[in-house]
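Okay, so subunit A shows up in both of these, paired with subunit B first and subunit C after.
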Partner chain A sequence: MKDNLRDDELVCRCEEVTVGDIRKAIQAGARDVTEVKLRTRAGMGLCQGRTCELLVQQIICRELGISADKAGFSTPRTPQRPVTFGTLGGDGFDK
Partner chain B sequence: MRQCEVLVIGGGPAGLSAAIEAAKAGAQVVVVETNREVGGQLVKQTHKFFGSSRHRAGTRGIDIAKILRKQCEDLHVELKVNSLVMGIYADNVVAIDEKKSLTEHNIERIQAKKIVISTGASENSIRFPGWTLPGVMGAGAIQTMCNYHRVIPGRKLLMIGSGSVGLIVCYQLMQAGAEIVGIVEALPHINGYAVHASKLTREGIPIYTGYTIKEARGKERVEQAVIAKVNPDWSTVPGSEIVLDTDIVAVGAGLKPLIGMAHMSGCEFVYDKALGGWAPCHNKNMESTHKGIYVAGDTTGLEEASTAIEEGTISGIAIAESLGYIPKDKAKTLKDEGWERLAGLRSGFKGEDRVKAKMKQLNRYDEVMKGGK
Partner chain C sequence: MTNKSYDVVVIGAGVMGTSCAYHLVKKGFKVALIEKIDIARGTSSHCDAVALIVDKMPGVDAALGYASIQRFLELKNELSYDFELHQKGSMYACETDQEMDIASKYAKSMQDDGYDIDILNPKELLEHEPFMAKDLKGGIFSKACCGLNPFKLCFAFVDQVKGKGLDVYSYTDVKGIKLNDKNAVEGVETDKGFLSTKKVVNCAGVWSPEIGKMVGVDIPVKPRKGVILVSATSFPFCNQKVQEFGYMVSKFAEFKCKRDPDVEKYNVAFTIEPSKANNVLIGSSRNFAGYGVNTEIEIIHAIAKRAIRFYPILKEMNCIRSYAGVRPFLDAHLPLITDVDKVPGYYIATGHEGDGISLSPMTGRLISELIAGEKPYLDLAPFSYNRSKKNN
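Showing the complex of A and B:
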């Protein structure tokens, strides 16, 4: 979206990463969703990128002039949805 | 650690169909579903199904869910609800977070001979100033709230996107008592079925084709939306702005395959716009490039409940075959029939693109397995 790509707009709301942060990461050399994530934390939040993945992809495509299949995708880690420390560390684990 | 023969991640139409076929042949099956009920998207689909399904077009989604669940129960498939799969680890081990009550959780690990990933899809977001304000939400999420939890999230709704999901959700929200202030569509024409659109225009609901949302405004939550005419390069036409009073901006901007589980398993992916973006590739058994892990339904390309059912069915047969429950020749006949039905389903709406995209997945699978790049 051409006229509203403002630097102060939020892209990853879980980690509060803005358009400007992502642009800076790209200027610093990030070339796909994972590289942007490693530099900015976009995609590392509660939703593990389910919300922001596409938005990050779009900005990468636009800034670098590449197609979506070159921009990669988010790579969620365990746990894929929020789990409390109590659950993980509690004595609930099977033997 | 607990062992089982077949573990299905996600109890939507794809996962349940896989479970039914595998269990029918004699396999022991566990379905793990994070919601309190199985059925996936179907549990909120109160409308009669459109489309091409060989026997279920005209049936309501919620009723299809009931039929599938009953079949699972009759076949003694274990339906483990309120249970979230947190991840897949080496040697087909999955970790499950089971919600026993509001505060009580139990973590369990299960090792399975075969795993089916049928986690469905997630909604696409779009970004505009104000998109993180409370009141901006996915159209599918609104449908879940309204039809399943029986809560309307607002009074005055603006829909972004005129695809079938956007149109259906508007109609259902209207029936539930909300006011629909309009539908915004960037394309020059309505994107969904004309029958659905005309039901809304007959009620006087404006459909703004060639428009986009420019901004959502509000202090604590959405109070207004600004829409404007859109140019082919996505810039907006100055002076074309319309300000609408609204408390819900529904985003019906499509869905994308939920591929986290497949990614964790190390499956290979292919990108195709026709299927919603990145999706794991597979062979004609619906087996991914990770041996013993199968993929079916929206998770391997965004389509319909009917195709999800067929893909699930094929994976269930293939699994039963590889576990020795169905002889090879019989399995082949059954799978071929499934692929034929899929071809039939893919002759309909945007079918050609989907067929091409699915071919791409099958070819990519072959390439990867041959050791290519």
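Showing the complex of A and C:
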């Protein structure tokens, strides 16, 4: 990650969240990836944070001067990639 | 934070704690809100969120639900932070004639009590929701129902009064509650120091029994898990919150209907709600499995199966995530909003199960009225700790 991030630079492409949005969330009290997510939607889109999560984490670390361990990550969840409701609920479902 | 003194200390910063804190500050109290993680990190961010009238039982349940909707409409203007409230109405869809029969009787009894609920024939149902299955038997609808963003509601309550009568202590563990020789509240012991206060409100939700034990008060709340699926964003094919009437069957034991055995095991009933971000949230299950929030594939399968039954269009749509939360369940199906005789200064606001977001505005208001010594807006007897133990 480069040293000087501008506020208007895009971090989460799915939900169009910028560096400035993340900084605002941190100012409002967010201290980890999940809290930034709740306040900005970063990581809530189609890719579920696969693209932006590490960036979000690094911005939090830099802004708050904390370790990556403290900034954490969001909870990994099923499905691991988008899958249709037809597949999930279909009769051919393999239990 | 040593030697700090407050009029009221609220424990738990989910929707109950933040609503109580907000309403107490509005009454002029100096309030501390203590939270072991941070605002809305438990049940209140692991749920869906609607304020409904069509899922309440006639009587006190409906009265509390209706009053909460009215309060939500006021809060939309009162709170600066946008919690995405919208009043699009809500519908129950019936799959069988038997369900339609029970639903119609339910709707009529609610109409008799003055609530605005319509009974829909199959054609009217499809006018409301054109993408639903064509073979449904009808439904019931109320335009009074609202949707909102649950964790943003918590932020909104806090942001409005933080620093103006409210101090928030996040990442703070409650270690004990100090009582005096008359068994009355004296203060709260935390890992960051002691807060002196005469009043404590236990808003710890599924964790409230632990905070009850600290003063010898038994709170029979059990965690009941609900799983929800999130769709990818799409065109708005779903206009409002829709639930299968079987949801009422899974919520209340009073209604007996034949259920799909595949969904019976986890008490799955179909619900769908559009979010402001153009996703839909699809639920949900109800099962007792401790405090864990795993989303087992069997439950996901059962929910998806019900979803494509009611909205065949979902077969081709993507699911991007599942999540689960634990709801504070009480056998009585009515929350505790109460003081406790044997521990003066100790109050409880919990046990709303899946209705916490929906009922939070009135719960906060009632607790603030109770603590201020005012006549509460509703009779609190049905929500009292002293109500029959067997009903708790």
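Rule of thumb we're sticking to: the second predicted complex is superposed on the first by the 75 of 95 C-alpha atoms of A that agree within 3 Å, B and C clash if a C-alpha of one lies under 4 Å from a C-alpha of the other, contacts with A are read in each partner's own complex, and residues count from 1 in each chain.
The rule we apply is simple: a contact is a pair of C-beta atoms (placed from the backbone, for glycine too) under 8 Å apart; a residue touches a chain by one contact, two chains touch by 3 or more.
Source: prediction; values computed, not measured.
In the superposition on chain A, A:R31 makes contact with subunit C only, while subunit B stays out of contact range. In the superposed model, A:R41 makes contact with subunit C only, not with subunit B.
In the superposed model, A:V83 lies in contact with both subunit B and subunit C. Ranked by how many residues of subunit A each touches, subunit B and subunit C are led by B.
In the superposition on chain A, A:F73 makes contact with subunit B only, while subunit C stays out of contact range.
Shared interface residues of subunit A, touching subunit B in one complex and subunit C in the other, are 48, 75, 77-79, 83-84, 86, 88, 90, 93. Across the complex, subunit A is touched by residues 38-41, 45, 151, 155, 159, 170, 229, 231-233, 277, 282, 295, 297-298, 300-308, 314-323 of subunit C. Of all residues in subunit B, those touching subunit A in their complex are 1-2, 34, 84-87, 95, 97, 105-109, 122, 124-129, 131-132, 212, 214-215, 231, 233-236, 256, 258-261, 263-264, 269, 271, 273, 277-278. Contacts from subunit A toward subunit B in the complex involve residues 1-4, 6, 9-11, 13, 48, 50-55, 58, 68-69, 73, 75-81, 83-84, 86-88, 90, 92-94. Subunit A contributes residues 15, 28-29, 31, 34-35, 38-39, 41, 44-46, 48, 75, 77-79, 82-86, 88-90, 93, 95 to its touches with subunit C in the complex.
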